[in-house]
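Heads up, the next two complexes both have chain A, just with different partners, chain B and then chain C.
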Partner chain A sequence: MSELINELPPASVQAQLLQVAEAQSVPAWMSSLRLAGAREWRAAAWPDRRTELWKYTPLAALRNRQFQHASLSQPAWSATQALNVDAIRLVFVNGVFDASASSPGHAAVVRFSDADAQQQALIARHLGHVATTTRHLFASLSNALVADGVLVHVAPDTALDKPVHIVHVAVPQAEPVVVSPRLLVVLEAQAELELIEQFVSDTQEQNGFVNSLTEIHCGAGAQLRHYRINLEQEHMLHVGGVHVDLWRDAHYRGFTLAEGSALKRIDYQINHQAAGASAALDGIYLPRNRQLLDYHTNVEHKAPHCTTSETFRGIVADDARAVFNGRIHIHPQAQKTLAELNNRTLLTSDRAQIDTKPELEIYADDVKCAHGATVSQLDPTAQFYLRSRGLSAIQARSMLSFGFINELLQAIEQPAVREHLHAHLQGLFAEALPGTVTNP
Partner chain B sequence: MLEIRNLSARVEGNDILRQLSLSIRPGEVHAIMGPNGAGKSTLGNVLAGRPGYEVTGGEVLFHGKDLLAMEIEERAREGVFLAFQYPVEIPGVSNMEFLKAAVDARRRHLGLGELSSFDFMKLARDAAKRVNLDQAFLKRGVNEGFSGGEKKRNEILQMMLLEPSLCILDETDSGLDIDALQVVAAGVNAMRDGQRSFIVVTHYQRLLDYIVPDHVHVLAAGRIARSGSKELALELEAKGYSWLEDEGV
Partner chain C sequence: MSEQVESLIRKDYSAGFHTQIESDTLRPGLDEEVVRFISAKKEEPEWLLEWRLKAFRAWQEMEEPTWAHVSYPLVDFQALSYYSAPRSMANKPKSLDEVDPELLATYAKLGIPLHEQEALAGVAVDAVFDSVSVVTTYRAKLEEAGVIFCPISEAVHRFPELVKKYLGSVVPQKDNFYAALNSAVFSDGSFVYIPKEVRCPMELSTYFRINEVKTGQFERTLIVADEGSHVSYLEGCTAPMRDENQLHAAVVELVALDDAQIKYSTVQNWYPGDKEGKGGIYNFVTKRGLCHRNARISWTQVETGSAITWKYPSCILKGDNSVGEFYSVALTNNLQQADTGTKMIHIGKNTRSTIVAKGISAGRSQSAYRGLVRINAGAEGARNYTQCDSLLIGDRCGAHTFPYIESRNASAVIEHEATTSKVSDDQLFLCQQRGLDAEKAVSMIVNGFCREVFKELPMEFAVEAGKLLEVSLEGSVG
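What follows is the complex of A and B.
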């Protein structure tokens, strides 16, 4: 890989991260994907303000840190935000598997490093093939850095009796580390799965960078419920992507929630590959302080009779910035498409910012599509109403903020996730508004 | 218990109340009537502390304390309750959570402990029954998708739970059919205990058939043009408001 690095200015983020890749030792069967990823990553123009996909999200935070590969020793950690759910659980700390915090193994879930020949072939067939790098530059970095990961493989006509819960814990190390979590989900025809991905950090100030990539293949008639929750501490840098291929009559139901951080960018790429597929995605973004949080979603309707329903709501507080870009691309052959996209943002301070852009590109003539975006502030009449009943100004603001996203929380089907987030977010709003508890 | 002296107030640059004075003793029910634009709703909103209602003169003493110096929530905790003419819909905030927070705030202020969820539920269910509101409304968003009558009954339910010492009903009868009106009136009457006072703002006499006032005041051009007993309301109903002007009041 060294010849790839040499052509880049040594100080560049691209070169620096490729050096990390070079320092890794990995099984030979992954090397072609790594090499292809490294080539793409090296050749890509580094995004700046003129790059449409990165227009509002500067990557400066990556430039100032010399990242190392996460050390193999097991760092101690304590993360209070981890969800308590009866599940097949895999816990990774800075990308390193923590067997003691994980549940006993399950045949449907295997780490790449433990994969047998058959599983290796399955991984090789799908890994890097669901994900496309066209709109997701950091997928190529993930390919270049792929060393281990998790494969969830559900056989045809099978449903797992428990959800799969994958927890990534970030802990600060002396030298900032880059962690590149990789998840591959293969649902065969008519398979069903409930999947919870959770990113948390321990309580210390973070200095790491997580570049996560999840690829999901939903075969014919397969059904996936997918929760992806980012609750890392605010100095964390996170660039993540979820790529989903939906084949005939497959159904994807996604929920994503993120708090902000110094840099957080999450991409969803959903591809309707065959007729009758449907996708529903709900999202909540909650940046505050001086955080930045960017959601980009892109749905490709490549086949007829597919459905998309997307709802994103965000609350931007303090000096935080949020970006939402929701694109739905309906190809000429995708007749009878039903697609709707709705984005609402609440700004709770005069300094908070949102750049929102729903984008519909329609090349078929027999489709039903709707999209909309609104930006609002807390309703003064509602604040007066609550205060006129004895609630403090702070309590009223916190209650109204929570109410703004509560509808999406209540729609979460998995009770453990719903209750965990309900409690966590009520705490978050109370904490963000000091005095609520002690001086109501 | 409430002493309003020469109160003047302005909304969006227009003088609405002009040196209004009114004195209310414990246990009394005062009806405020008057033509549209006379300042009836303004009075209630000024007393509750609504933003945008600027007091330009006068004073208001509530149990001897300077009401106008208090924050909105302090007034509520001290025992002022305004039943809104247009109760606000707040989707996503459960009615139950809201009611408990309100009751807890008032109880803490009075030096009483917060109620347990269990005790509060019992209290809330009981109050809902008394205003003929299905229990399901307690779990819904605050006023979310409620009909006009349901919203008004929800106001009375809040009033029952908060047990204020001064209740201001701002056109609570508007938009109510006769059944809902009776439910609301019965709720109010049940709260008359000889100590609690009421200001009933209404455009029509009809409500006063059910909530019988001790005093009736006619508001015109921002001050009280005439005061009398409950018979004054009947006279107004018969003659309309124009005779006030004819008499040059």
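What follows is the complex of A and C.
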């Protein structure tokens, strides 16, 4: 791999990040994926303002930091933010497995490093095959740096009795580290799973970079409920991707929520590979202070009779910037498609910014597609109404902000996730409005 | 059902005749010499030549944009001729009676008999044939009102201060690849100036036609509406049928000073190429308007022609309370490709913009709406409403939407909605069951679909647009 790095100018971010691969120790069966990833990463043009997919999101934050491979020593952390749910839990601290915080294992959930020959074959078959790098550059970096990860494999006609909960904890280290969490979910035909991915950090100022990649294969008739909660401290850099392949009549129900950071970019790539598949994705983005948060979603309708419904709501406060791009691409053979995308954003400060672009690309005629986007502020009449009922201005704003996203929160099926977020957001809205006064 | 539609889409281009007129055409190729030649031919002042050369040098450094959702073989800019004029224009006609009868017959075939228009419609027409402005009708009456409406080449001599002040003020020479090209080689076009507090007594109109083989048309339109004035301007275009692709790279600049209103309507019917996609016009146009305080600019366009359309009429809402509007119907058939839309840049306070875009794709065509709504930080209380709908006829066409929304001000309210659907079998069945044939039924449904835009067009144009749509759609129903 070293000769691949040498071809890049040594100061470039690409070379810098690829350097990390040198320090890793990796099982031999992964080396081909790593090499292919490194090759692709090296060959890719570094995105700038003229790169459509990165038009509004500068990658400058990645520069000027000499990222290291996460050291193996176990840094200390406190699990204040982790979700309390009865689940099969795996906890990683800066990418390193923390056995003491994890719950006893389950045959369906295994780390790549513990995989037996059969599981290795399964991983080799799917890993790097669901994810495509054409619209997600950092997937090739993830391939280049893949060393460990988690495989969740649910056998045909099986449902796990507990959700799978994967927690990634970030803690600052003396030298900034790059962490590449990798998750592979393989649901066989008619399998069912509830999956919670959580990214947290302790409250110290972070200096690391997380490049996470989740690949999901939903076999025929499989059903997945997937929560991805991204609440790290605001100096953490995070580029993440979720790639989903849906086969015949498979159903994916996704929920994602994130706060911003110096650089946070999350890509969802959903592929309807066979007829009858359906996907529903709800998202909430809440950047504030000087944070940046970028959601890119892309749904490929490659087969007929598939449906997509996507709802994203965002509240952008202070000097924060939010970016949303929702693309739906209907291929010529994808007749009878129903697709809907809805994006609404509230700006609560004059310095807050939003760049949104819902895209439709349609090559089939017998389809019904719609998208909508709105940008506005809190309704002054609604605020007035609440104040006339005796609420303070701050309470009124907090209540209305909450109401704006509550619809999506209420739709969360997993009570533990719902309650956790409810409590967290209530705290967030109260804190975002300094000098809260009690009701007179 | 769809076979009927198919058979209906097929219909020949009725403006595809070629007029046998002797003309002076410059050798193909583009270099500084050509720019100097054009400038000299028009006896332009030194500053304009410098202005052109500056644009030409900038153009040489620029690259053709590739971001639009269209694909076509690249244009060989050295194979084109940048100037062509009907020979009889060498000694300019003073009135209509002196104009080459062949030329006039051409316009009559296109449905704009100049004489008749002068008498009946009361529309003042400036007709541009290849590179030169042929005749401007109704001039006397306009001058009475103080309105200036003349070819831009003439305005350069008669009103140099006005031209110098506003030319390139909205679309600078280096704005984009095609605007730079146009700035370097623009041949003619219309110039309009409406004085303060004047309501232009009639609709103004320009008719463009590309006649000569292997020429590009690069006209430049500049409309200045002084404070409190009002003008409505119509533009129409056709070209003969050719196997080669022809280039049309125009620039339109509108300046609406305080309290002024400009309404700009286009019916674009350039030759779209044949059923196999051979030939047709490449329509790469830059249109932009600048609104000062309380001003209003309204773009209405019906785009049915051209092999490739690349066109984004825009409004810069600089003054407080200014209003920008964009109403568009873009119809593509056979192998046509259109990437069109608008930009609304909100700078002033309480600025408002409305966008209604209707795309109709038939045959194997691709049509895309690409729009930008940008609210700058100072645009307190800005408001935008966007609606773009696509209608698909046939299962081999495509319809795409790329709306960019950039908001920098919390008090702004922006709404965007888009839908895509097809002419449903149920709708067709219902109409046919009531005794309409399939073609009529589709035409009626399409007309209904476009109604919001057509009602913005001046009356004569609305009728023409409806007919044009019908003709362009013929053979697309089945």
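Throughout what follows, the second predicted complex is superposed on the first by the 435 of 440 C-alpha atoms of A that agree within 3 Å, B and C clash if a C-alpha of one lies under 4 Å from a C-alpha of the other, contacts with A are read in each partner's own complex, and residues count from 1 in each chain.
Everything below uses one rule, namely that a contact is a pair of C-beta atoms (placed from the backbone, for glycine too) under 8 Å apart; a residue touches a chain by one contact, two chains touch by 3 or more.
Source: prediction; values computed, not measured.
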After the overlay on chain A, what do you see for chain B versus chain C, clash or fit?
fit
Would you check which partner chain A:V110 touches, where first means chain B only, second means chain C only, and both and neither mean what they say?
neither
After superposition on the shared chain, which partner residues are touched by A:I354: those of chain B (first), chain C (second), both, or neither?
second
In the superposed model, does chain B or chain C contact more residues of chain A?
C
Check the residue A:L391 against both partner chains and state whether it touches chain B (first), chain C (second), both, or neither.
first
Just to be sure I read the superposition right, which of the two partners does A:Q377 touch: chain B = first, chain C = second, or both, or neither?
second
Check whether A:C369 is in contact with chain B, with chain C, with both or with neither, and answer first, second, both or neither.
second
On the A-aligned overlay, A:G403 touches which partner chain: chain B = first, chain C = second, or both, or neither?
first
For the combined overlay, can you note the least CA distance between chain B and chain C, rounded to whole Å?
15
I'd like to check the shared interface: which positions of chain A are touched by both chain B and chain C across the two complexes?
none
Contact footprint of chain B on chain A as seen in their complex:
379-382, 384-393, 395, 399-400, 402-407, 440
Please give the residue numbers of chain B that touch chain A in the complex, ascending.
48-51, 71-73, 75-77, 81-82, 84, 87-88, 90-93, 97-98, 101-102, 104-106, 108-109, 141, 158, 162
Over in the complex, which chain A residues touch chain C? Could you list them?
52, 332, 335, 345, 347-377
Can you check the complex and tell me which residues of chain C touch chain A?
67, 69, 375, 377, 390, 392-422
